[in-house]
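Here the structure comes first, spelled out in C-alpha cells, and everything after it is commentary.
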Amino acid sequence: MSEALMRLVRHVRPGMRVLLPVDYAGVAMALTRPLIAHLSAQGGAGLHLICVPTGGLQADLLIGAGLVASIETSAMSLGEAGGAPQFNQAVKEGRIALRDATCPAIHAGLMAAQKGVPFLPMRGLIGSDVLRHRPDWKVIDNPLSDTPDPIALIPAIQADVAIFHVPLADRDGNVRIGRRRELAAMAYAAKTTLVTAEKITETSLLSDEVSAAGVLPALYVTEVAEAREGARPYGLWGQYSGDTQELIRYAKMARSPQGFADYLAGYMGGAAV
Amino acid sequence: MSEALMRLVRHVRPGMRVLLPVDYAGVAMALTRPLIAHLSAQGGAGLHLICVPTGGLQADLLIGAGLVASIETSAMSLGEAGGAPQFNQAVKEGRIALRDATCPAIHAGLMAAQKGVPFLPMRGLIGSDVLRHRPDWKVIDNPLSDTPDPIALIPAIQADVAIFHVPLADRDGNVRIGRRRELAAMAYAAKTTLVTAEKITETSLLSDEVSAAGVLPALYVTEVAEAREGARPYGLWGQYSGDTQELIRYAKMARSPQGFADYLAGYMGGAAV
Amino acid sequence: MSAAVLPRELLISTIATLLEGVGHVAVGASSPAPAAGAMLARALAEEAGARLRLSILGSVEHNFFTNGSAELFDCAAQGRIDAFFLGGGQIDGRGNVNLVGLGGYPQSQLRWPGSFGSAYLYYVVPRVILFREEHSPRVLVGEAEFISAPGTSPEGVHRSGGPVALLTGKCLFHFDKARAGFTLVSLHPGVSLEEVKDLTGFAFQHAANVPQTPLPEGARLQLLRGRVRAEVAGSYPAFATSWGAELKSEAKA
Amino acid sequence: MSAAVLPRELLISTIATLLEGVGHVAVGASSPAPAAGAMLARALAEEAGARLRLSILGSVEHNFFTNGSAELFDCAAQGRIDAFFLGGGQIDGRGNVNLVGLGGYPQSQLRWPGSFGSAYLYYVVPRVILFREEHSPRVLVGEAEFISAPGTSPEGVHRSGGPVALLTGKCLFHFDKARAGFTLVSLHPGVSLEEVKDLTGFAFQHAANVPQTPLPEGARLQLLRGRVRAEVAGSYPAFATSWGAELKSEAKA
C-alpha cells in the first residue's frame, strides 16, 4: 500500500464520525484497504459511518471487517448486485447501531453543520417510522405559524472526517468536484477531509472561471493523494464506468462469513505494500 | 428597447417581490430601462426589492423612478462612488418601507425557500438592532439544547421574480453562473427567473462535466435574452471591469431630485426603441 | 404482422397515461419501466407541442441537475417535481410503504436497502405512482410492518403530495386520499377480479364491472417500440435488449 | 537614505502584528490597509514556514471561494475564519458598532450603506479587528445610536467571536470582553494621551505610561515596501500608487 495513501488514513482514528459518499459521486475505494489495515492494527475501530446519503461496497467492507460501531444511512445497496450482505447480517444480529434516515434528512444535517446552526427543519417525516426511531430528530410546532404546524428538526451532522475520490486535484490541494456538490457539503461539515484523485495537476484549478466553478477550495481539504482508478470497482463520473460483475462477485461471496473472509483476504492481499 | 428585453420584463408586475444580485455577481443592468418603462406605464409599481445580499445602482434607479414600495437589503452602496443617493433620500423621507438585514440572513431566507421550509435558524443577531427592527425574525429557545440557548429564526424568502445577468446561456435556457452560486439560490427561491446573457450559444452548457458544474439548469429559468455588455456600468466576472467613473457621475447627479431626473431622462432616452 | 402487445409494453403505456399533463417527472436509478413510461409520455407531449422533463437519478447523461444529490429533494420542495415513482417491499391498504424490512426492527430478519428519499418525497410530490410488477400477498399487505412513508397524513400536517395510483403486473388501482384506500380501476388482459382479490392482502373498492387496462395501439405502439425503445436503451441497455428479443420471438409466434 | 515610516505603514505593520498566529483572514472589498496588513502577515508567516490564507471579498482574482457570496459566512460558521476587519460609522465604548446611520430610525437623517455581514460575523469570528483611520468624537462615541452588532453578548447567548482590538490613526486599543470596554495599549508617534482622551467619546483604561506603537524597521520595513506594496497594487492600485508617491516625496525630504 502506497505511503501516500497510508498518510491519508492515519488521520482516521477509532470512534470517529466518518462521511462517505454515494456510489456515483466518487468513492475513495483505493483507501479502503489502507483504512482496514490501519484501523485493524488499532483494534476495535468503532467508527460511526454516515452515508451521504446512501452506502454501498465501501461501507459494507468496513462493516464486515468489524470496524463499524454505528451507521447512519438512507439505504445500503450494491445497485444491480442487490443488497449489502454484511450490513444486512450485522443489522439482523444487532452487531451495529442503526440509524435509518431518508436522503434529504442527511442533506439537512450536513447543511446545518455547514451553516453552524444546531438544526435544520424539514418537511415530510411525520407519521413515518423512520422518524419514530430517531430520538435525535425532534418535532416542534412551527414558531412562525399562526395555526398549529408540526415540523421536524434534524440536528447538525458534525463529522470528524470526510473521505472521497475525485478526477483531478492540483498541487495546492484544490480538488475538482464538478456537479457533485454533496462532496463540498461533506467537506464543509467535517473537521478533516481526505481526498484521492485520479491525477494531480500542476495548473491551479482556480485559474479560470469555468474550471473554478466545480472546485472545492484547498481551505477545506486536509490531504490529497493520487490514486489512479481509485474508485474501482465503482465508476467515476466523466472518467470510467463501474464494474457490476465485481459487485455481483462480492455480493455472492459476502453472503456468508467465510465467503466474506475469503473476499477480504483476497482484497487485502492485493497490491504489494 | 429590444423586443426580447421587453418580453422578459413583462413577467414583472406591480407589487411583486423581486430578487436582485450584488454588483459583482452579474447585474442585468440592460433590463433596468425596459423595466422602468414597462412598470411606469402601469403606474405605481410598488415593487418589494430583496437585494442578495446588498444593492447598488439598479435598485437605486428603481427607487428613484418611484417603483419601489419596500426594500430588504444588508447594505446599499455604489462602492467607490459612495452611498446610494436615492435610497438614502427615500429612507430619510420614509418613502419606502425599509427592512435592514445582514448578509447571511438573506442567504438563510433564500435557503429556507430552496428547501421548502418555513424558516432557517441563524446565529449572531441577538442584541443587534437589526434583529430588533425585524418583527418577522423570531428568537426561540433551541429545542435541541439541554440548557437555554436562544437562536434566531429567519423566515423563508419566497420571491416572485429573480433577475440577473450571465456571460453565457444556451438555446435550451441553461445559463452559466460559474462560482456565483447565489444566482442559483435566487432562482431556486423565485417563481420566475429572468436572465440576460452576453451571448447565447448553440452548444449545450451541460454537454461536458467541467462546464456543467457552473450551470443553472433551464428548469429554473423562465426566459433568457441576449444583452451584450448587459451588466454595464457594472463589470461582469471573467468578462469586463466596471466603470467607476460612471457610478461617480450617477452618484453626483442623483443627489438631488432634479439631478436624478436629468440622469434618468438621459438613461431612458438612450438607445432607440 | 407485428407482435401482440407485450406485458411490459402495457405497463409502460399505462405509466405514460398516468403521467398525462406532468411537466417534470423524476425516476429512480433502478426503474426501467417507469423511465420508459416517462419517455413515452415525453414523446406524446412533444407531439402535442408541450414539454415534459425527465430526470433519471444516478445517471450522469440523463441528469440535468448541477447541485449534487440534494437537488432532487430541493427541486421537489420547491414544487418543481410533478411526479415520482416508488416501489416498496410492502405496500399496504392505506398506501403506507415499507422499504426497510421484515421481522422486527432494528434487527430486521429480512433487511431491504432502506427508505431512500421516500420519507420525504412521498409527502411533497403531488403525483406519486406506486409501481410493483410483482402482485402478491407478500407485497400487497393489510398492514406494513415498518412505515417508511405513510399513504396519508392527518389534517394539520403539512403535506402537498402523495400516492395517486398503484400499478402492478396484474392491474391498476387509484388511491383515494380522503378514504386512505385503493380503488381497482382496470384489470390487465387475462387477469380476473377474483385473481386480484386472491393476490391482494388488503381490501379495495371496485366497480361492478372492472374494465380492461387499455392496450397501446397504432401510432402509440409504434412510438413505444421505435423511439422509446431506442431512448431507453441508453440508460437501461439490458432492459432494451430483452425487450427487443421478446418482440422478435413474439413476431415469430 | 530611505524614507521615514509613513503613517499608513505604521498602521499596516500594526495590523500584521494583530494577525500573528492567524490561519485565515477575510478582508472587505474597500479595505486597502487591512488587506496590506494581511499581506504583510502572510509574508512573515511564510518566512516562518507557516501559512496564512487571505480572502479579499468582492475580488475575483483574490478570492478562492467557489460557492457564491454565502460562502464567507458559512466558512466563518464552521470556524474556518480566524480574523476579520470591521469599520463603523460609530464605535462606542462597549464595542458596539453602528453601520446604519444617525438621527432616527428607520428614517435615518444620515443614512450609511448598512450593516453588511456585521450582525453575524461580529459574533462568530474569534478575532475581529476594528479599524478606523479617523479618530474623532463623532466616530468613537459614548453610545452608538444604532447597534448593527453589539461588542459583547450576555452569558447564555452563543457567541464564539468578537472584537479584540481597535486601531485608529492615533492609537491602538485592546478590547476587554469581560469588562466590555477598551484599554489603550499604544500611542502612535507624535500622539499624546491627552489628545486621545480629547478625541475619544468613550472612557477607556490605560497604564500610567502608555508606550509608543512600534514602528516597522529593517527587514520588516523592506518587506512592507517591497513585496507587500507590489501585492496590494493588484487589488488596490490607487492605494499602492499614492503609497509609492508618498515614499518618493518622503525620501527627497
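We call the chains A, B, C and D, going by the order they appear; numbering starts again at 1 in every chain.
By definition in this document, a contact is a pair of C-beta atoms (placed from the backbone, for glycine too) under 8 Å apart; a residue touches a chain by one contact, two chains touch by 3 or more.
Which chain is which protein? Per UniProt: A, B, C, D = CoA synthetase.
Keep in mind the model is a prediction, meaning the values are calculated, not measured.
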Taking each chain's centre as the mean of its CA atoms, how far is chain A (CoA synthetase) from chain D (CoA synthetase) in angstrom?
41
For the pair chain A (CoA synthetase) and chain C (CoA synthetase), the C-alpha centroid-to-centroid distance in angstrom is 30
Computed distance of Cα centres, chain B (CoA synthetase) from chain A (CoA synthetase), in Å
37
Take the average of all CA coordinates in chain C (CoA synthetase), do the same for chain D (CoA synthetase), and state the distance between these two points in whole angstrom.
61
Touching at least 2 other chains, the residues of chain A (CoA synthetase) are 111, 115-117, 122-123, 149, 151, 179, 184, 209, 212-214, 237-238
Tell me, which residues of chain D (CoA synthetase) touch at least two other chains?
60, 65-67, 77, 124
Hey, how would you classify the chain contact layout here, line, ring, star, complete or other?
other
Checked against the stated definition, the touching pairs are A-B, A-C, A-D, B-C, B-D
If we count contacts the way the header does, which residues on chain A (CoA synthetase) are in touch with chain D (CoA synthetase) in the complex?
113-117, 174, 184, 188-189, 206, 209, 212-220
Quick check: in the complex, which residue numbers of chain A (CoA synthetase) touch chain B (CoA synthetase)?
108, 111, 115-123, 138, 140, 142-145, 149, 151, 153, 155, 176-179, 208-214, 237-238
Residue numbers on chain D (CoA synthetase) that touch chain A (CoA synthetase), as the complex places them:
24, 53, 60, 64-67, 74-80, 124
For the chain C (CoA synthetase) and chain A (CoA synthetase) complex, residues of the former touching the latter
29-30, 58, 60, 65-71, 73, 77, 99-100, 105-109, 111-124, 146-150, 153-154, 156-158
Touching chain D (CoA synthetase) in the complex, chain B (CoA synthetase) uses residues 22, 24-25, 52-54, 73-77, 79-80, 83-84, 87-88, 91-94, 98, 100-105, 107, 111, 122-131, 133, 147-151, 179-185, 237-238
